[in-house]
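Working notes, beginning with the structure itself.
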Amino acid sequence: MPSLLRNRKFRSATLQVLFVLAVMVILVSAVTTAQDTIATNGMRSGFGFLDRTTGVNIGFSVLQYDANSTYRQLILVGLVNTAILGILGIILAHIVGLVVAAMAISRNGSLNLVAQGYVELFRSIPLILQALFWYALVTHLPAPRNAHEPLPGLFLTGRGIFMPGLSVTGEAVALVLGCLLLGAIAFAWFMIDHRFRRISDSRRRTGRLVIIGLTLLACALALNAGRVPDMPLISVPELRGLNFRGGFALPPELTALAIAIAIYGGAYVSEILRAGFQAVPRGQLEAAAALGLRPLHVFTRVHLPMAFRAVLPTLTNQCVWMFKATTLGIAVGYSDLFYVISISITQSGQTLELIGILMLGFLVMNNMISFLLNRLNKAIALKGT
Amino acid sequence: MTDTAIQIRRMNKFYGSFQVLRDINLTVRKGERIVICGPSGSGKSTLIRCINRLEDHQDGSINVLGTELNEDVGSIDLIRREVGMVFQHFNLFPHLTVLENCTLAPMLVRRFSRAEAERVAREYLERVRIPEKADAFPSELSGGQQQRVAIARALCMRPEILLFDEPTSALDPEMINEVLDVMRELAMDGMTMVCVTHEMGFARQVADRVIFMSNGEIVEENTPEAFFTNPRNERTRGFLAKILAH
Amino acid sequence: MTDMTHPIPRNSRLEQLRHRFLRTPLDIAVTAASLLLALFVGWKLLDWAVLSAVWTSPDGLSQPCRDASGACWAVIEARWRLILFGVFPYAEQWRAAVATAALILAGGLSCLPLFWSVIRQALLWIAAFALFMVFMHGGVFGLSSVPPAQWGGLALTLFFFVAVVIVGMPLSICLALMRRSDLPVIRGTAIILIDGVRALPLVTILFTAALILPFVLPGWLQGDKIWRVIAGFALFFAAYQAEVLRSGIQALPRGQEEAAKALGMGYFHRITRVVLPQAFRNALPPTINQLVITLMETSLIVIIGFFDLMASGNAAYGTGEWSFAYVEVYAFIALIYGVFVFSLSRYGRYLERRLRVGSS
């Protein structure tokens, strides 16, 4: 027996069994306690509530929603809103980050200083504070009747930013955004994957045209299906009474959050990219210069692609982080997934189920982002390293 | 149309307060093969990097193929197009295939069509004897193969002058010869070459002139025979004794 | 062009600056434009924040501000106690001040090389934490008891931060070690836990801790909401910090642990004497970074109903009297966060330099 106790295999097996038992005990006791609590409080569990009407109104929604809609619809609204804000924020943050990183690595000292100041400033203020600040700023814009009009047809007001738009339903807009995203992913895949690198130029061109064509066709179909009858296709916002009617309105909540994520996330993205740029060996840049490539081409053909490869895993984490940052919506009243879940909880009392849905939603969305970007990473990874 | 390829006059270069190159005078005619040698840190790399303006000089003048090197961006573009360079550590672009490494600059700088650029690239890959690796990535090649690709990449721009900065010193002995063979053939074809190398056999066979540098100065400049058999300078003798002792 | 006959001395700083800022005509233009922009913004800021600002308002009313064009710092004068201490009983707020000072002092002390050992750090923080609880919570030494529900402002934010790190740091070490364990079950559990938590937004975890834990925990384990939320937050912190530590461990040459094994050291000694000390050293810069992020993320507890610095700021300008002064209040709060974040990250840079010198 002592010899068995001193056996490594036996020890590790026992340890694992004990560990599993402990975890099971905790889980089982948690579940029974939960059942007890639910029973004593006389609550009902299950997902039947999803088909009940909510009876609450929310602010911004791309999809059709009113107080008579069901919880299922409400949650869908939240998912779509989260996706819109997340993708918008991620794209904007990368644009900001690229510009700032380019300034940080430029040879010009004053640009370096500007970039450094930007990063230091915006990285040391909590995101929620920045979001609240932008929200306060955006809602303190003048009332619609005194709106700023920087460009004809574009109105900046405390009730949102109004611009000319297509008169189509929100569902069609969401569908179009989805098609564009899919098209962009397909396009990037086609351009980058090693598999398509060896085929001839003319076939590549056809391939590109096919992808663009299909995307545009899908968008056109979606728009056509979603047209609001009896309205001109393009509608321009006009002042009617106290507010604007028609056109496309960017609500202040979305504007403020998108600005905040773009600026705060952009500061982090720029630091990541800067590290990537600096990780590219000098020799490779010199080789490109020695071949006669112009600085712009050295940047776009050698420096940027290599830096991007070096930092893509870090950028992936940053994208997931920014996507999670959409949960700040509740601080300014943007109806993202977290917001709709929390009002559903107050409204229906189905805490366990709703939080389950919330977590599942984020697990799925974030793993989708990681999955796509990891695929991208594999596709462009340097061979043999 | 003169036959001068490179003319350097009274050139000085500093890193901060540290003077790396002192009063360099050097003229290279077209078709000439120059070998530069000298102890580590003597400024050999710096000198040839000044020729294609990877480094800028502070005083004196450098004239390459009739173009004066100055702050004018146009002159830099012009020179870099006509002057190829091969590095000690190859510096191939790891994210591009061998073929793409070779076609990138011709397409962007010389505005070749892709077909034309690929034709030229395959031709030169043939010359450096690795046509079969066109679709491989640099990390899939041995050091000697990588260096030969780097030479092909430089040749694809059809340069008038080729600069080599210790092209064999990062290679294992058995790979050195495959690279030197390619360089010998290039020399035979009349390419203007400036090589920093310590391969004394190569220098003896190929060079028209050998230049010895020490402490940022050109100490001795001579034909290979005279350089190896009868070095004039004390420092040259010391250096040769050390390097030929192996 | 330069005079070709005389080499000019190039070592002057002026020369270097000229090279960085004024090398080509384009550089000159960019530098000039940046300078003009900086001057313009700087002047506007100075004018707003200092020259035309209203610093005090004698009767605590906002009228003087409404007439001025600059910043209204009078709102801070009128509301600073709300911002710093939230709804802590007004007469007892000196206690919150002492408690906060204890935490800040401990933070400062723990940066001194004198305290650079695990034991001393632990003792220091336990002492600071005890002091904080005595003054803040009271109920002993004749101090009246103030339950956590009445804590707020900067005091609550710092408390949260310190508590999360004190609980989360040991947890992160456990998770990091579990994640590199040879036993598949333990490693698998750690991976699921770490990756699962990292895929979820912090607010959902805080929300879960506040709302779900009461369902699944037996009554005697539930405690006040604040402790549950701290536990959830600490788990979140630990999941990220575990990855930081793991990368620090991975940066160690394999030979280190093998050498320790060859010397006959057991697991515990290998980890505590060889692996962790070096891993912490490797992981110090990203750890500081993680602390900075965590400090800023404590602002999210406002979402689940705590009256932290962020919330008390909102309350400070939330009344009709001061509702126009949101920029000033936000600037003040940003300044408070900024001071902490800035000193932490400066300290991180200093550590990075110092450690690099020491190790190579």
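When the chains are written out, they are named A, B and C in that same order, and each has its own residue count from 1.
In this text, a residue touches a chain if its C-beta (ideal position, glycine included) is under 8 Å from a C-beta of that chain, and two chains touch if they have at least 3 such contacts.
Model, not experiment: these values are computed from the prediction.
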**OP:** Starting at chain A, figure out the least number of steps needed to reach chain B through touching chains.
**Re:** 1
Subject >> Farthest-lying chain, centroid of Cα atoms versus that of chain A >> reply: B
Original post:
Where the centres are mean C-alpha positions, what is the separation of chain A from chain B, in Å?
Top reply: 49
Subject >> Chain centre separation in whole Å, for chain C relative to chain B (CA means) >> reply: 53
Original post:
Just how far, in Å, is the C-alpha centre of chain C from the one of chain A?
Top reply: 25
Subject >> Footprint of chain B on chain A - complex, ascending >> reply: 197-198, 201, 281, 283-284, 286-294, 297, 301-302, 305-306, 309, 380, 382-385
Subject >> chain C - residues contacting chain A, complex >> reply: 17, 20-21, 23, 27, 30-31, 34-35, 182-186, 189, 196, 198-204, 207-208, 211-212, 214-218, 292, 296-297, 299-300, 302-303, 310, 313-314, 326-327, 330, 333-334, 337-338, 341-342, 345
**OP:** Can you check the complex and tell me which residues of chain A touch chain C?
**Re:** 12, 15-16, 19-20, 23, 29-31, 33-34, 37-38, 107-114, 120, 123-129, 132-133, 136-137, 140, 320, 324-328, 330-331, 338, 342, 345, 351-352, 355, 358-359, 362-363, 366-367, 370
Original post:
Which residues, counting only chain B, touch chain A once they are in their complex?
Top reply: 49, 52, 54, 77, 80-81, 83-85, 87, 89, 91-95, 97, 104-105, 108-109, 114-115, 135-137, 139-140, 150, 153-154, 157, 163
